[in-house]
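Got a structure for you, questions after.
Per-chain numbering from 1; labels A, B, C, D and E assigned in written order.
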């Protein structure tokens, strides 16, 4: 198992709903993430997709230690970091870093680029000796394709794409093995998205990084990922290699999700298998019994309400899914 | 909502108890440091100890704790609270029931506040809205200059000037022209007149209103401007609604929400301002009651009036918050 | 809203330098800055503006009109009105500055703590703020000053002894506003991604609070500083007017107004008008500057 | 083109034979702190009944401003319509009196905004905001208006409409809110619907629902639809023809198949190549280097020149005009012929 | 035992009030022709005669109650209920005859017994009446007081008084009262016009608090309704009054409690019939109302007190230097627009026993002499003078003006110590004032003795029992001789000799007497206005409305 960079087992995050006049008591739980298990291999990119409210951002936050899990474990290099104290968190942070969604809010507008990228060195003083820090920052700028002379500029003097590069440089400062990218390109214009995606791919090649790539844009995820996990209401409903998921999705939700993504090719119009889901995602405070997707699923039976389908490799599928009635269906390509 | 109100009330009770105790402690400390106020009853006269003692007993100021600096005088505090629980607020140094004094003062101060609030609502909000609607034009500049000046002239100075100019100079002219009983003469009075209790409060009330009007006007203006730029106003325009409807139904109501909260706070400030106002105009309201209480170290009066002020302040703010929820359906208090 | 209103990044200047450039161009700013520079010079170096000792009074000259060397004449005590007005600036301005510094430090610190940690820390400080704000500011100040201004404070002497009681009182009731403001903007800043980023780098709470959150939460407070200095000068004048501020023979504009008020319709309007103009012009300059800074920092409010 | 409203009491002078909407050389400027920003710099396009025109562009390209100029809801100032015509069945909407402009809105031209949460007034119920249209434009009674509003909510498939009509916008989910927006736009049966990024804020599955709803309603009512978006996937799915905007200009205009098949402008071409596709496995993405120009300081010549592989000296001096390059299509490029014919 | 007496001035109101308005403010009603007199008033402390201690209460009490005597304008006693002047053969036992037929407004008859009961009530220790000390020279006074409290303010109480009645007061018959003093005192009758000696009805004493709110009087006016605290007091003519009846029906006091003296403005607005202009309005008032203005010296004196107990101020030269440095007329001109009179004596002019120019040497302005004196004194060079005053009121201005002059004429720096009234009183009594202080005196009775004995006489040889720490054996001796003198004239001769000693040793530097200027509204018949310099107020009973 030495090729596992990061392993998440039965990870849970429940936010209590509190009520009370003087003393508040917990009257319920918002189960943002409710039993997620994932493995990230060294050097690979694991895409995590799902709609808003599925828990993917909470998952990302737990992975970098911004949220404390309610249950389950996260192990980095075989060490469970959720059980560790401050020192463990420090180690986690040296190894696991995050790239944020919004390049406008994720950089402190009052700090220069040099200060932003150099901050990790100040926090982890042993990372780079004081004298070498400026050099190190300039190297990082160079690495992400920015002019090293711009070290004294402020974030607002850069465009969105350039800012995202700054964010990436900051994340790379401590030479982590794992980058958690939370919607790193969704705030960027289409013509800029490609630049950042290419940069991430190139850095992966150069530095041997492992990525957890969280996004709602399935096209981007397909483009960059080796493996993909699909989340719905705090659970992973399907996980597998990129082509397995996209070409032969097993879970009805995955199928619906993929079919809903428009493809920039007018010739496919009317030739794709379109699944339009009814209704909205249920509240994570009160998820449906059994299979969480059953309320919107066209395949749902009584079994789905009573028995929770586990995420496992089922018959007829090369990859794990969580559906009692899993069956492949190609919704991405034209069907005539 | 009910739960929220209960929680807020509980908080208010807690806050009030602390306020009461702090006041009590401060007043006790003042006596401990400055000496027993009962001493002043006798001026420079020699006072026999027994006379002093008897007088102190009469005003409940004979507790030995008042002689040791720093003593919180718990006993006095609990006694007072016990009295209060029977709605007995004690007597002041004139042996007048404080409850009665307050009851007499409340209508007067309320009248002032009513006038002040009307000034704010009528002039402040209107000016702010007009300025926002005519942004960058003459009326906007006029309103902005006006608010800047009202901010720049300290309240007490404004009151002095108003009293001297409107009450004395203009008022005297009216009195010479139209006689002393004329309507204008009664309005332009330099002090409160028991003969025309309402009319003689109009100018002071307006003056007090001018005190805090800048904040209201500016907030109305910015809030209005913000909403005029909002997406839902754009939607309303896209719906082909008339300008007046867009302004009043879709902008004004949303803009008034923050203004209402500020009026709540501003009334708290006005209570402070009323101390100066009522002193200058000799208006027998709460501010004067409090001011005289402080001046004479009349602990019982000060604590009662300030406690009342805090209660009014807290209740006003609670009502404002609830009203806020009524105005803005997004606010739901747990 | 519209696409164009977000200026293109590469040309954008920083918030502060942008604000500064914006401010430099406004006539009101230029005028008020000049006025304030003069006022500060007066406050800290009064002897540059008058060679007359403000304490040198000749009662025989009471309310006498202007004569050579005494351009504004004399007050009721036969003191030179001009030099009184000049020396009257110092205590007010010093007091206002001290109060602003204290409220910024105390209110800022507590505001950051309350906003950052939330929960019980916030609950406790918010209750304390409730307590202070439920006692009307002016009433509370009068209460405290009337009772305790005569108490000798240890360790303080000289010029400051005169203003310290008022400083402490005004600060005591003033910090809550700063605290509330800072708390609100800290709570807003707390959930920004750059804070998450710092946290995910392992930054300690102190670093996050003071390096990341505070500088960003300061903007709304900064524009309020001139306004609150103006307000404090007014407040000091009010207290002096009520006889609760600085004591003679030290002089402030508030005392001058208090002494002069009665003479306004008594044949000597000058005694009220002179200190009033000094006071109003100073406060006005602060208000205008504060307005301009706020506009510059938050253009959408313009 | 059935069911054309030949008579309109608001616009009696309209010419039913003229195109539904014909925008000619529309120019919009904004006063900003850095100078005049030319947000729209000569937009030309037409929309016919039953037709869907997609206006595609990145942020700052002027597509939203164009739509608001058509609606007549630009804030003026800071905006200023510097020139051009917006002909609705031959009537220039820009020259109408304020009152007539107002009545054209919602009756003839309606709009759906991107963020329904902020576009709906938070302090009124959904029912109130819908009924308002009927009451103010049609003079209906409260009860009638409510009935019509309910019908509309049913039309946009809001479940339990009778209860939800009394709820406030924040109590609706994103998708439901956008349906309310659509219902509002459709209330007075407009001839032209402008949808400004109607699904950008929504999840893909919801986006699919909304796009399908819009398509159905358009087909049923034979409205003209202007769809403003940056998402080429959505465009490919629903548009009849496409206008691509860049830095305030329309750089290419073409029927959907032609545009995706053989783009005639380097920008369009680069854009199509820079987006990852769901149905193909990733190879390295082509990127458009550089940034769009600043609107207050658009360089002379072609605005795209700095980022363009085809750029020659002429591109830096002469502004290419939008010219016909083939049947039904136009492009604003000095080298459109080369571009359309591949490399 | 402290021998000091009265100073009825209370706190802020007094210092401002005396100078500014003294007792009288009035004006006329808005021309409605109604028989009403509208006056302004500060809030009285108490309206029960035994407990009235200040001018506001005194003003109302004198209208609602009548006593044995009141004062003529020359300070002599004017009988009201009494028949003729008090008589005595030895100045120790005094006999007073009463008129008969007088009653209270509730019908209760007034006779000698009424007075005895009232006085017994007044002096009885536990009743805590502020007027009781007026009786302290009467035999048996000490027995009516409570014993010392063994534990200070602790829970134990002092011993009960030995007697409930004042043994020195005897009812000889229903119209004769006999008062016996501990020692002979020729001045004693001068006390009898004071409100403390006014009678109270049995019904009043039975419910003293109610009586305070709605007095049962025996004077020319009776209460309409209750005392509306801090708002108004309304009186109307009591038509059964046996004495001089007012010529009009109603007298309304509006009570002013504002932080400034705000009666002038309402006078100008026509809601008051008599008022005194505030100092700053004086000049304009004089111009406008000059012919209707009554200006008169008041019997109250104002001085700069010296802490003789303090090492620095022990040296009489320092005190003399300070006194010489003050320009009294300048202060009066500047702050009171000339309304006041520099004091060159310890006794004001209208008081029996006044002698002109007793303090001619040191009660004048002579900066050169002052400087020389100070230089030759023990005054430590560079010492900052601390000037003490209770905060609020006009006194602060006067003290500042004094400070300015000390600075100008003596070259010393000064610092104002404004402290709260109660603190000031306490510190003054405890000899904790560290510098000169502003002090005023309003007489209790019209005699020169009252300006000296209560203030500077000391039982202890170090002067520790008066506020000034002043002790002078010669002065003590002369005062004692004066008190024991058989006739008023002889007494005054001794008192004047004693005053001479004060003018050399200066326990205080006399500054000025106040001068009231009262403007009479034009609805009042100006000729009917009679101002009593001893009582310091206008006789409202005599006023006639036009």
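One rule holds for everything that comes next: a contact is a pair of C-beta atoms (placed from the backbone, for glycine too) under 8 Å apart; a residue touches a chain by one contact, two chains touch by 3 or more.
These numbers were taken from a predicted model, which means no experiment stands behind them.
S.K.: Spell out the chains that contact chain C while also contacting chain E.
M.R.: Touching chain C and chain E alike, sorted by label: B.
S.K.: For this structure, which two chains have more C-beta pairs in contact than any other pair?
M.R.: B-E
S.K.: Greatest Cα-centroid separation from chain A: which chain?
M.R.: Checked the centroid distances; the maximum from chain A is E.
S.K.: Need the CA-centroid distance for the pair chain A / chain E, whole Å please.
M.R.: Their C-alpha centroids are separated by 90 Å.
S.K.: If you average the Cα atoms of chain D and of chain E to get two centres, how far apart are those centres in Å?
M.R.: Between these chains, centre-to-centre, one finds 91 Å.
S.K.: Report, in whole Å, the distance between the mean C-alpha point of chain A and the mean C-alpha point of chain D.
M.R.: Each chain reduced to its C-alpha mean, chain A and chain D end up 33 Å apart.
S.K.: Please tell me the distance, in whole Å, between the geometric centres of chain C and chain D computed from their C-alpha atoms.
M.R.: Chain centres of chain C and chain D, defined by C-alpha means, are spaced 51 Å apart.
S.K.: At which residue positions does chain E touch at least two other chains?
M.R.: In chain E, 259-260, 392, 419-420, 423 touch at least two other chains.
S.K.: At least two other chains touched by the same residue of chain D: list those residues.
M.R.: Answer for chain D, listing residues that touch two or more other chains: 59, 68, 291.
S.K.: Of all the residues in chain C, which ones touch at least 2 other chains?
M.R.: In chain C, 8-10, 146-147, 150, 242, 265 touch at least two other chains.
S.K.: Which bits of chain B are touching chain D when the two form their complex?
M.R.: On the chain B side, the touching residues are 136, 229-232, 234-243, 245, 249-250, 253-254, 257, 327-330.
S.K.: Mind listing the chain D positions that touch chain B in their complex?
M.R.: Where chain D meets chain B, its residues are 68, 71, 73, 75, 77, 102-107, 110-111, 113, 115, 118-123, 132-133, 136-137, 168, 170, 181, 184, 188.
S.K.: Which residues of chain A touch chain D once you look at their complex with the stated criterion?
M.R.: Interface residues on the chain A side: 51-52, 159, 161, 189-195, 197-198, 201, 216, 218-220, 222-224, 242-243, 246, 256-269, 274, 276-277, 279-280, 332-333.
S.K.: Within the complex, which stretch of chain B touches chain C?
M.R.: Where chain B meets chain C, its residues are 11, 14-16, 18-19, 22-23, 26-27, 29-30, 33-34, 148-149, 151-157, 160-161, 164, 168-169, 222, 225-226, 229, 231, 234, 265, 268-269, 271-273, 275-276, 279, 287, 290-291, 294-295, 297, 302, 306, 309-310, 313-314.
S.K.: Inside the complex, what are the residues of chain E that reach chain C?
M.R.: So the residues of chain E touching chain C come out as 259-260, 278-284, 327, 330-331, 333-335, 391-392, 396-397, 400-401, 403-405, 407-408, 414-420, 423.
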